[in-house]
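Two complexes are shown next, each including subunit A; its partner changes from subunit B in the first to subunit C in the second.
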Partner chain A sequence: MLQFLLRERKTAIDGLKGFKKQPLTPKLFGVMAEYTTKSKLAHLNPWRKTGSPTAGFPIEFLLAFDIFPIHPEAYACYAGSAGVTRRPIEEAESQGYSRDLCSYMKTSIGATDMGWPCDFGGVPQPDFYVSANAVCDTHIKWFENEARRHGVPYFGLDIPSHVAGRGDDQDLEREIDYVVAQFFDLIAFLEKQSGKKFSEEKFMRVIGKSQEACALYHEILAYRRCLPAGQYFEFQRLFMLPVAVMWNLDGCIAYYRRVLAELRRRYGDTPPTDLGSREKYRLMWEGITIWYKVDLYYWLAEKGARFVYEQYTDSFGIRRRRTTTFPETLRQIASEIITLPYTLNLEKRIAWMEQKIDEYDIDGVVLHANLSCRPAAAAQQDVKNAIQKSKGIPVLILSADMDDPRSYSDEQVRTRCESFIEMMEARKG
Partner chain B sequence: MIAIGLDIGSTTTKIAVMEERKLLYTEIVPTGYNVEKTWKELFAATRERLNLEMEMIGGIVSTGYGRNSVDIATRRVTEIMCHAAGIRYSLPGTRSIIDIGGQDSKFIQLGETGEVTDFKMNDKCAAGTGRFLEVMARALESNLEDFGKLSLVAEKAARISSMCTVFAESEVISLIAKGEARENIIAGIHDSIANRMVSMMGRSGVVTPVAMTGGVARNEGIRSALEKKLGISIEVPATAQVNGAVGAASLAS
Partner chain C sequence: MKTFAYFDSGHEFPEEIVMAAGFDPCKILGDVEIGTGPADEYLHNYFCPFARACFTEALSRAGEWAGIGFAHGCDATNRHYDVWRAHIDKPFFWVNTPMKIDATARKFHLRELENFRAGLEREYGIEISDEKLAEAIRLSNRIKNGLKRLAALRAEHDINNLEYLELMNRALTGPRQELPEELERKLDEWQQRPPFPRALEAVLLTGSDVTSPEWMEALEEAGLRVVRDDLSLGERYFRAAIPEDIPPLKALVEYYGAYPQPATRVPSDRRLQYLETAAWENDIRLVISQNLKFCEPYAIDAVWTTGVLKNKGLKIIHLEREYTPTLDQQVITRLETFKEMALQ
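The block that comes next holds the complex of A and B.
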């Protein structure tokens, strides 16, 4: 870090200014700092193994072996928040990675190769990589490639491409069998990497904590139905870090318990509550956030438009259902990975969004057409048409990129957002 | 009272003056690099020409990408709303607007009472905009005024497949080298813009009557290409190029 500060003084200063712009409470700042510090320490500790999983990977298997999770995507989000991703991305592109590829991946590769610390996107070298094609197809080849580049082992979980919502549970049961069988291969892989024997008992303790953390996280999210919601996207996208990364489940549970207690004190035990100061425009966001543009959310807030629900933040912390036995838990995890909200078929996905629009009293929807993640932007026009028709609220498709500022044009975005607000205003009369 | 609309676009700045919702005056000047200087000079020249004292002006609405630079505006409104208001003024009953400006192309859908129900804009790319046409006109050593007429006498439209302005210019140069008639190349360029526009519009459906606004609306070749592809007729109001400013003035009224 010191070397980086001396070598990249301007980047470091720009990055610190970027972090400072985030709506961090002292506690949340501490949570973020704790993760990067522990990432660096775990990497330096010769007795502690580190493994690098992708988002959506069942991290609990790693935790059951005391393996510290090194998350390249989380560090890429840090770099995005710091507003310093352009150079790492260009560094990766100079190595031949296409402009069309994922900007998390390129931020991670570029920042690591330039020797940047994890606060700025670099990845402390893990002992191995694991990934799954659960939420993203790039995850498999990205991590396979990283393992090859760094000469460490790799394990890939193949998640069937399930279309949820059709009601054909027989297919799902077969798919669960397929994934559970791979869990045993994963356990064998982790035993080899860690030199430890797998303990079902320890795994169940980890899962119990994970389920508690996820349940707390979603209880907190539900309070955003209150009027006003109190917690908005620019905060929520950072607030989800502990449950998304799970490097410290006990700390995560303690933190979320405190936040929930505060919400209960303010709103009572059961959301939603109307405190008589509803936001002027309550918005829904669909897709990954634009990490480097917290200013966009602040600018919208000045106009009274606040994001109170995001499918993106709701999709984390999926381990909500309590399980008691090991076989049941494995099947439940497999089911949760296979049937994420993103896997819903179009009809069910629209119905699901319509339900959230009602629950969170939404005035308008923004769909992020993310240039880094074209599959996630598929069918957005159909979603837009359907919601505009059924709910009569404006839906805006916003073209940008989650981590690549070169794909973002302030003036274009503001013109579209202002028109979108004008439509909501006209609708309200 | 007098109402003024200022539309500061990427290529041109437009002013429209209304009195009791009646259009009195419009003017267009190049925007240039100094947006603030341009609108201030245009505003001053308009006041002088119409003998307008400031106290006679009841409202000023600014629009276009330079709208926030107009510190005397009583309201700043986006191009989407102003184009809709402009069409409500000049062609009431219109349900869809195609607006091709200097760097933006837009498709605006209106409800039965002329309110905006949806809009689409080009993303991250100048293909299908006035800027695209300017680049092509330069490559063909022609001017935009002749472009529309020349394309109407083309025997067949040449094929321009690239959507990228820079690559399309290379294609045009390559077609010139192959001896392709200039009229055919221009017709191909118009087809390329129309294809881009139609694909953008198709995503949300076209409801008639359809009107076209913006500087490119003056180009008969593009309008004709769009009409053929959509199988409908497209109205072009006399105030097409200043439609945003007219809409702004009507919102200021």
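The block that comes next holds the complex of A and C.
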């Protein structure tokens, strides 16, 4: 880190300014700093292995072997928040990676190769890589490629697509069978990498904590239904870090308990529906956030428009149901990965959004047409048409990129958002 | 015979089950000459242009088809299925072909194929017996064998790039029953062709599937003749035979892991091994690697594959290409320069 600060003084200063712009509480700042510090120190412990998972991968399997999760996407989000992704992305492109490829991947590759610390997107070398194609092809290609580049083992989890029209009985059960069978292959892989025997008992303890952390996370999310909401997107996107990466489940539970207790003091034990000071416009965001542009959310807030629900942040509290036995747990995890809210098929996605629009009293929806996350941006026109028809609220498709600032135009985005706000205003009449 | 159309990103779709159901399978290939406006009403223009061309074709031609099948492959097949299904009024079938080819994946693949067979039987009120499947596999193998023999002539005779593409187009989109005889006649004709032109350089072509003529013409204009490839409209389709001595659905599962693998599957090493072997078998010095704009699996793989093949002593160029019917003179110039420099 010191070397980086000396070598890349301007980047470090810009990055610190970027972090400073985030709506961080001292506690959340501490949580974020804890993860990067532990990530940097993890490889110093010869008795503890490290493994790199992607989003959508069941990290609990790593934790059951005491393997520390090195999460490249999380570091790419740090770099995005810091506003320093352009150089690493261009570094990766100079190696031959196309401009059209995932900006998380390129931030990660570029920052790592330039020797940047994980606070700025670099990845401390893990002992192995694991990934799942629950979200996209890139998770598989990227991590297999990284494992090869760094000469370490790789394991891929193949998640079938539960497309529209597939039944929730036989079809889903068959898909679950496949994922569960792969869990046993994964266990064998992890036993080999860690040199430890798998313990069902320990795994169930980890899952118990993970389920508790997710339950707390969802309880907190429910307070965003309040008028006004308990938290907004610009905070939520960072607040989800502990449950998304799970490097310290005990710490995550303790932190979320404190936040929940605070919300209960503020709003009462059950989220009330009306406190009498509703936001002017309550918005839903679909897709990954624009990490480098927290200013957009602040600018919208000035106009009274606040994001109170996102499928994206909802998806990270992935363990949605308590389980008690090992076989039941494996099936539940498989089902949760296959039917992740973020990757629901078109029919279920529309139904999910319609339900959330009612629950969160939404006035308008923004669909992020993310230039480097094509799978997430598929079918947005159909979503837009369906929501506008069924709910009669404006839906805006906003073109940008989650981590690449070169694909963002402040003026264009603001002009489109202004029209969108006018439409919401006109509807309120 | 009624046509059953399918969209896949490599060579995942089990055509033989459709043949056994009494249909002619037709791989949807889009038409580069027709704008993708109809598809762009529903899909962003930064999605794979080939996938949008296929959707455009389906929107206008679906009335001619008995049904539409998809196989799990790349993000385009996996995420566009729902959109097609929402806008085309036809029976749709989804086959969750696995990304891996290990024992666990093979078991799941078999169940998915059984489910597909049952789905066709239910929808069309037919029975797809093992005997019919075995017959379809035998026909498919005859076709693959014919194509393989024809493709081998590329290195010996004057068979231009476009002719090879047209042959593959015909094989994947036209009626199958009479195809083996057609291929035999073509074989007689190609064997009479003049020898491989000295002015041309033999190349190995890899990357995204080439489905339209302009790219093949560009290579030809630059003096590069494709004698080996690992494309779905190419060797991936015919290089391996489907086993005939085991139960037919199991045979399709075994076949899935035996042909040249696309970039959408892991481990990727198998794809690279095939390229190395192909180059070595035909003593090829030049490799053309390309990806269609927005085709992520091949764009990611290219960085690694080009590096490894270079280290093996092969001369390689990687290009990102547009989906356009226009012959790009800049591309031709780059290819010509590559050829000149590589052969110095």
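Things to note:
The rule is short, and it goes like this: the second predicted complex is superposed on the first by the 420 of 429 C-alpha atoms of A that agree within 3 Å, B and C clash if a C-alpha of one lies under 4 Å from a C-alpha of the other, contacts with A are read in each partner's own complex, and residues count from 1 in each chain.
Assume a residue touches a chain if its C-beta (ideal position, glycine included) is under 8 Å from a C-beta of that chain, and two chains touch if they have at least 3 such contacts.
Quick caveat, the model's predicted, so the values are computed rather than measured.
When the shared chain is aligned, subunit B comes close enough to touch A:Arg416, but subunit C does not.
In the superposed pair of complexes, A:Leu16 makes contact with neither subunit B nor subunit C. Judged by the touch definition given at the top, the superposed model places A:Gly96 against subunit C, while subunit B stays out of reach.
By the touch criterion stated above, A:Ala351 is placed in contact with neither subunit B nor subunit C. Applying the stated contact rule after C-alpha superposition, one finds that A:Asp177 touches subunit C and leaves subunit B untouched. In the superposition on chain A, A:Ala426 contacts subunit B only, with no contact to subunit C. For subunit A, the partner with contacts to more residues, out of subunit B and subunit C, is C. When both complexes are overlaid on chain A, the residue A:Gln381 reaches subunit B and subunit C alike.
When the two complexes are laid over each other on chain A, subunit A has residues 369, 381, 399 in contact with both subunit B and subunit C.
Residues 41-44, 46-48, 70, 72, 74-76, 78-83, 85-86, 92, 94, 96, 98-100, 102, 104-105, 107-108, 111-112, 115, 263-264, 266-268, 291, 293-294, 296-297, 299-304, 306, 318, 320 of subunit C touch subunit A in their complex.
Residue ranges of subunit A in contact with subunit B, taken from their complex: 369, 381, 384-385, 388, 394, 399, 407, 409, 411-412, 415-416, 418-419, 422-423, 426.
Interface of subunit A with subunit C (complex): residues 95-98, 100-102, 105, 133, 136-138, 140-142, 144-145, 148-149, 154, 156, 158, 160-161, 163-166, 170-171, 174-175, 177-178, 181-182, 185, 345-347, 369, 371, 374-375, 377-382, 399.
Here subunit B touches subunit A in the complex through residues 65, 77-81, 104, 115-119, 121, 123-124, 203-204, going by the rule given at the top.
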